[in-house]
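Next come two complexes built around chain A: one with chain B, the other with chain C.
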Partner chain A sequence: MSTTSGVATGEFAQGKPPLNPGKRKSLHDGSGRKAAILIAPTIVLLAIVILYPVVSAVSQSFTKDAGLDPNTGLFVQGGFAGVQNYKLWLLQDCGSGAFSCPPGTLGSQFWTATGVTFLFTVVAVSLETVLGFTFALVMHRKFKGRAILRASVLVPWAIPTAVTAKLWYFIFAYDGIANKILGTDILWTGDGWAPKAAIIIADTWKTAPFMALLILAGLQVIDESVYEAAKMDGATAWQRFKHITLPLVKPALMVAVLFRTLDTLRMYDLPKILTGGAGDTSTLSMLVVDQVRTGFNAASALSTLTFLIVFAVAFIFIKFLGANVTEQRAPKTKKAA
Partner chain B sequence: MFGKPGSTATRKISFTLALAATGVLALGACGGGDSGGNADAAKGGNSTGPITYVQGKDNSGIVQPAIDKWNAAHPDQKVTLKEQTDQADQQHDDLVQNFQAKNADYDVVSVDNIWTSEFAAKGWLQPLTGDYALDTSALLPATVNAETYNKTLYAAPTTSDGGLLYYRKDLVPTPPKTWDEMMSMCSIAKANNIDCYAGQYAQYEGLTVNVAEAINTFGGSILSEDGKTATLDTPEAKAGLDALVKGFQDGDIPKQATTYQEEQGRQSFEDGKLLFLRNWPYVYSLAKTDGSSTVKETFGVAPLPGASDGKTGASSLGGHAAGISVYSDHKKTAFEFIKFLQSEEIQKDWLTKGSAAPVISSLYDDATLVQQFPYLPELKTSIENAVPRPVTPFYPAVTKAIQDNAFSALSGSKSTDAALSDMQKSVQNAISGGQ
Partner chain C sequence: MATTSRSTSTHRGHTVTASGVEVVQRRNVPAAVLTYVGVVLICLWGLLPFYWMIVTSFRDVGFTFDTTPWPTHVTLENYATAFSTDRGNHFGRALLNSVLIGAVTTVVGLVVGVFTAYALARLEFKGKFYVLGIILGASMFPGVALVTPLFQLFTNIGWINTYQALIIPNISFILPLTVYTLTAFFTEMPWELEESARMDGCTPGQAFVKVILPLAAPGIFTTAILAFTAAWNEFLLASQLGGDKVQPVTVAIASFAGAQPHQEPYTAVMAAGTIVTVPLIIMVLVFQRRIVSGLTAGGVKS
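Then we have the complex of A and B:
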C-alpha cells in the first residue's frame, strides 16, 4: 500500500552506507588510480566550463577598459585597474570620488538595479510560491479531468520567456487589454510603480506553474497512510496540512524556491523586452549586458559582483534554510530505516 | 524529520551544485576580452580576389541581385553575401567578435552609422584615404559626415534615412513650417477629439533620435565639433528639450507617447487618432496600403518643422555604410565593390525595388522616381538638414545618458534644467572613457 518509489529510495539509501567505506578503502589499495582516471574527464570538463570562466571574469575585472589616445583617436589598452572597477559599482565612483557618477551613467545604477532585482525576487517568488502551492494542492486531488488541468496549467511555463514578454507587452500597451478591462489608462511600460508591477505579474504568470509542478511532485511521494492515521486520530484538515503536508513537502518546496530565486536574481529577457529598463526596471543582468557594450572589464567586475550576490543567496538557502538539492529523500528514509 | 541535510558530504555536494548553478551567470559575461585598437601596419593585403560582403538580413531581397550583377562583370573577384540576423544589436556583436578574431573572411561589412566611429577607433576599418580615397561629391553631405571620425572617412554610405512629418491633409491643408505653428494647430486636433503630435519617446534608441532632433532643430548640439566635449548646457539645447517637455505638459503630445516606438505611433496615426506624426519613410507605403489604415487618401508628408520660419527641422540621420575590414586580404577588390554599391545604378535599383533611401543627391530629383515615391523631395530636404547622432566611439554610453535623462524629463519626474544638467555630466563622463 505504500508507494513503490518510497520503498525503492529507502532501499537505495540503506544500501549506500556500506558501499561508501568500501570505495574509500579501495582508493588506498592501488585501484584508486583507475578511479582517478575515470573521474578525470569530468573534473577537466567541470574546470573548463565552470572554473575557467569564473577565474577569467575575476581577473579581467581588475583590468582597465581601453581608453582613447587623444592624438590618434584610437583605443589603447588600459592596463591594471586595481579595484577601480569595483569602486565604480559599489561606490558609484566615476573617477572623482564616491557617488561621482551622474544620473544616466551605468555606474549610478548599480544600487537601483540591485534593489529592483531583489524586489522582483522577493515579491515574485513569494507570489509564485503561494500560487504554485495552491495549484499543486488542486492538481493533487483526484477528480475528473485532472490530466487536462495538469497539462493546461503548464502552458505558461512552456512558452518561451521572450514570447511571454512580448505577449504581456501587448497586454500592457496603453490601449491594450489590461487597461480596457481595468478601465484605467495606466502607462504600464512608462514611469513609476507600474512597470515594476507589470514585470512581477508577467513573471508570476509564467513561473507559478513551474513551482506547482515541483511542489506537486513533492506532494505525491507523501504516503496516503499517514493522512489516514492522522484522520483516525481526529486531526482537522488544517492540522493535517500544517503537521503533515507542509513538513513533508518542505524539501521539494525549498528546492523549488531556491531555483526560482536564483532564476529571478539573474532575470534578463522579461524586463528587457517588456519595459526595456524604463522606470528604473533595469536588473543586474541588464546592467551587465549594457556595460559589456561600453567596457568589457568593468562589466566583468559587475558580473563578478552579481555572481557573489547570487552565490551568497544560494549559500544561505542551502546552509540555513534547509534547501537540499541533492539527496531529497535522505532525511525521510533515515527515519523510515 | 526533514531540514537537516545528512552528512557533510551531502552538504559539499549541495555547495558544488550551487556553485555550478551560479557559475552559469559568469559564463554569460565572458564573450572574450577587448583587444583595443593598435596601429598594426601589416594587416591584410592590397590585392584583388574573391571577397565576402557581410550585412544584416536582406529582407527586401535587393542585395543578392546587386552582387549577381557584380559577379557577372568580375568573374575572378566574386563577392559572396553573408547574411546576419535582422537584429541590429546582434549584427553589431557579430562584427565585433569577427574583428577581435582578426577574421579575414569579413572583407566588406555593412555598418549602422552609429557604429562607424567605434569600429574606426578600434582600428578595424580601413581609412578611405590614399589608395582608397573615395569621391564623395555626388553624395548627400550628412551621410558622409556620419562616416567621418577624427577627420577621416572610414566607410562608404550605402543607404540613408531621415525623419518625416506625416500629417492629416483633410484637417490641416498646409503643413506647419515651424514647431510653434504646429503646436498652434493642436486646437484642430482637440476640436476633432484626437491627439495632436507624437514621435518615438519610449526609453530606447528612438528616444535619442527624437531628442537629438529637438535639440539640433533649436540650434543646439550634443557634442562639440571634435567630439570631445558635451555641449548640452546651452540655451539652444534647453529650448529643444523644453519644446518636447512642454508638449507633454500641455497634452499636445499624449502622455502615452512615452511608451511609443515607431509602430505604436504609426498604428495611432493609421487609426486616425493622431494629427501629426514624426516617423521614418517606411510608414508612407504602409499608411497607403494597410487594410486597417483609415487615412490612406487623407495624409500628407512634409519635412520636420523648424524652430523659426525658413529653417527646416534637423532630422537625426539613419542609414548604413560599407566599410572595408583592415584584415581583408583583397582590399583592392573590396574598394571597387564599395564604390559599386554606391553607384547610381545600384542606388536606383535599391530605391525602386526595396524603397531604400539613396545616398546620391541627384536621384531625389529624378522625375520618374518622384512619381513612384512622392515623398522623395521631402525626404531630400530632411536628409539635407539631417545631423548625424553623436559621432563618438562611446556611442552606447552616450545614447544611454541621453535616453535615461530625457525620459525622466518627458515623464515629468525631472525638470528640463535638471535633466539637461545631468545629461551634460553623464555624456561628458561617457566620452571621457566611461571610467
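Then we have the complex of A and C:
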C-alpha cells in the first residue's frame, strides 16, 4: 500500500515515474557527515526556540516567585519551590491546603479548563472526522467542476483563525444571523452550552474540509479493482465500506485525527477571540496566558502540565491506536506491506 | 447511512474496462444527482460564512444586522474605517508587518528546510528516524509552552516588540511543515539526473543548484505558499511577545477598537477580515491543485 505523501506527490509530479527506492544507491560516501551538516541548521533552530524554552520552563516550574521575604523584609529571589506550583493547579492549593483557591481565581480553574479542552477536542474532532469523511466520499466521485469544489473547501483553511473567530463572533452576535435564522435569542457568548457550541461549530467549519482533503488522499490510493473483486464475490455496499474502505483508509485517517486532536488540545486563538473564555470556555492554553501576567513560575508549571497532556495523548495515539506517523511520512525507505 | 449510499453509488457509477481505464457511465442519474447535491452542500459550507463577511463589509454601519443575502446601503466607508488610526488601530501598519514577518519567515524557513529535506530524502545515514522524530515532535508541540520562557528570554535581551522576536519562533513553527512537505516532494524527484550531472563533471553543489533546484521549484513554491499561510495565521506568540510597532494583522483584527468602548465595530472588522483574506483566497483559487498536494504531503496543519 502506498502512503499519503506518495499519492499527493505522485499527483504533483505529473506522471514522472517514481524511482524504485530499493534500487537507488546513495551516490556519496560519508553521507553521515554530509547529512549532519545539512540537518544541523534545522536542529539548532528547533533547539533554540523549542528545546531551550522547555528546559527553562520545567526548571522554573520548580522555583518560587521572587518577592519580599516576610521575615526579613528584603527582596529575595525565589529559590526551590518543590511541587508547590503543581499543587496550585492539580490540587487547587493556593497556599493553605487542597481546594483552598477561592472560586474565580486562576488556581481554581485548572480542572474546568482541562475538562472543556477535552470536551472541545472529543466533540469537535469527532464531528470533523465524520463530516470530513462524508465530504471526502463525495469529492472522491468523478464529476465536472472539481476545481471549484477544491477551492471552496480550501477557503475555510485559508482564512486565518483570528479572522475566522471574528467572523463567527459576528454570526453569533445577539442580533446576528445565527439567531435570526434559528429564530432564537441565544447569548452565544454568555453562559451554559451556547458558547461551547459556538466554539465547536466555528472550529468544525474551519477544519472539516481540511480533514476531508487528508482522507481523500487516503481514498485515492485504494485500487478500484479491489472493489470490483469484492462486488463479484457479492459483498454489499456496507460490507465493502466496512471491510475495504475503512481499513485501507485507516492510516491516512489516523494521522489526520492525530493532528487535529493535538491542534484542538492546544487551541487558543479561536476561543480567546470568539468567547474570551465566557461560560467556562477557557482552554488550558488560555489559562497559561492569563497566568503569565500574575506569576511566571506557576505559568511554567501549567504549561509543563499542558505539554505533558498533549504528549500523553500523542503517545497513546501512536502507541495504541496505530497512528503510524513516521512511517507515513518517512522518505520511502520502506513502504508498509 | 449517507456514507453507505454514497459509496454504493460511487461504484455503480464507474466501471473498469479491460484496459483498466476508468470510464464514467452516463446513465446513473440518481447517483449523479446525489453527488451534485453533496458537491453543492460542501461548496455552501465553505463559502457561505466567507460570503457573509464580504457582504457585511459593504453594509452601512446602521444596517450591520440586515439579513438580506446581498449588501443593502452599500458603502466603502468600512474599509476607510479599518485603515483609520483615529481610534488607536494600526491596521495598515499591521498589514505591512504581517507581510514582512511572513516573507522573512518563509524565506529563512525554506532555505533551512531545503537542506534538511534534501538530506532526509537523498542521503542514507544513521539516526534518520530520530531526526524525523524530533522534527515531528516539534510540530506537535503546544505553542503555549513557549510563551513564558520566550517572554522572559526576550524581556532580558530587550527583544519584546521587535520583529525578530516574532520571526524566529515563527521559523521554528513552520520548519516541521517545510521539512515534511519538501521531503515528500524530493523523494519523488528523478534523481538519476543528478547522477548524470555528476558524471558530466558537476560537483555535488553544482548538480544541486543547476539540476535539482530547478526541478524542485514547483515543490518549493508550494511549500512557500503553505509556510506563508502558516506565518500569516500566527496569533498566540505575536499577541504576547509583540507590541503596537510589530503587531501582525491577526492581533490587530482581534483587538480592533470601536468608536466607543464596548462597541464592537462589526462592519469595519469584516472589512479588515476581507482585506486580510482575499489575497489568500485568490492564491487558493490559482494554486488549489498544488496547495492540496502540498497539504496532503506535509499533513501538518498550519
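As a convention for this text, the second predicted complex is superposed on the first by the 269 of 337 C-alpha atoms of A that agree within 3 Å, B and C clash if a C-alpha of one lies under 4 Å from a C-alpha of the other, contacts with A are read in each partner's own complex, and residues count from 1 in each chain.
Just so we're on the same page, a contact is a pair of C-beta atoms (placed from the backbone, for glycine too) under 8 Å apart; a residue touches a chain by one contact, two chains touch by 3 or more.
Predicted, not measured: the structure shown is a model, and the values here were computed from it.
Novice: One more residue to check, A:T117. First (chain B), second (chain C), both or neither?
Specialist: In the superposed model, A:T117 contacts neither chain B nor chain C.
Novice: Of the partners chain B and chain C, which touch A:Q92 in the superposed model: first, second, both, neither?
Specialist: A:Q92: touches no partner chain.
Novice: After superposition on the shared chain, which partner residues are touched by A:F133: those of chain B (first), chain C (second), both, or neither?
Specialist: A:F133 sits against chain C, while chain B stays out of touch.
Novice: Could you say whether A:I50 touches chain B, chain C, both of them, or neither, answering first, second, both or neither?
Specialist: both
Novice: Where does A:P251 make contact in the superposed view: on chain B (first), on chain C (second), on both, or on neither?
Specialist: A:P251 sits against chain B, while chain C stays out of touch.
Novice: Identify the partner contact of A:G145: answer first if only chain B is touched, second if only chain C is, both if each is, neither if none is.
Specialist: In the superposition, A:G145 contacts chain C only.
Novice: Could you say whether A:T189 touches chain B, chain C, both of them, or neither, answering first, second, both or neither?
Specialist: The first partner, chain B, only.
Novice: With both structures placed on chain A, which of the two partners, chain B or chain C, ends up touching more residues of chain A?
Specialist: Looking at chain A, the partner in contact with more of its residues is C.
Novice: Pick one for A:T72: touches chain B only (first), chain C only (second), both, or neither.
Specialist: Only chain B; A:T72 stays clear of chain C.
Novice: Should A:L262 be classified as contacting the first partner (chain B), the second (chain C), both, or neither?
Specialist: both
Novice: Under the contact definition given at the top, report the residues of chain A touching chain B in one complex and chain C in the other.
Specialist: On chain A, the overlap between the chain B and chain C contacts is residues 46, 49-50, 53-54, 56-57, 60, 173, 175, 262, 266, 285, 288, 292, 296, 299-300, 303-304, 306-307, 310-311, 314, 325-326, 330-332.
Novice: Can you check the complex and tell me which residues of chain B touch chain A?
Specialist: Result: residues 1-6, 10-11, 13-15, 17-23, 25-31, 33-39, 120-123, 149-150, 202-204, 228, 255-256, 258-259, 264, 393-394, 396-397, 400-405, 407-408, 411-413, 422-423, 425-427, 429-430, 432-435 of chain B touch chain A.
Novice: In the complex, go through chain A and note every residue touching chain B.
Specialist: 46, 49-50, 53-54, 56-57, 60, 64-68, 70, 72-78, 84, 88, 94-95, 101-106, 108, 173-175, 185, 187-192, 247-248, 250-251, 262, 266, 275-279, 285, 288, 290, 292-300, 302-304, 306-307, 310-311, 314-315, 317-319, 322-327, 330-332, 334-335
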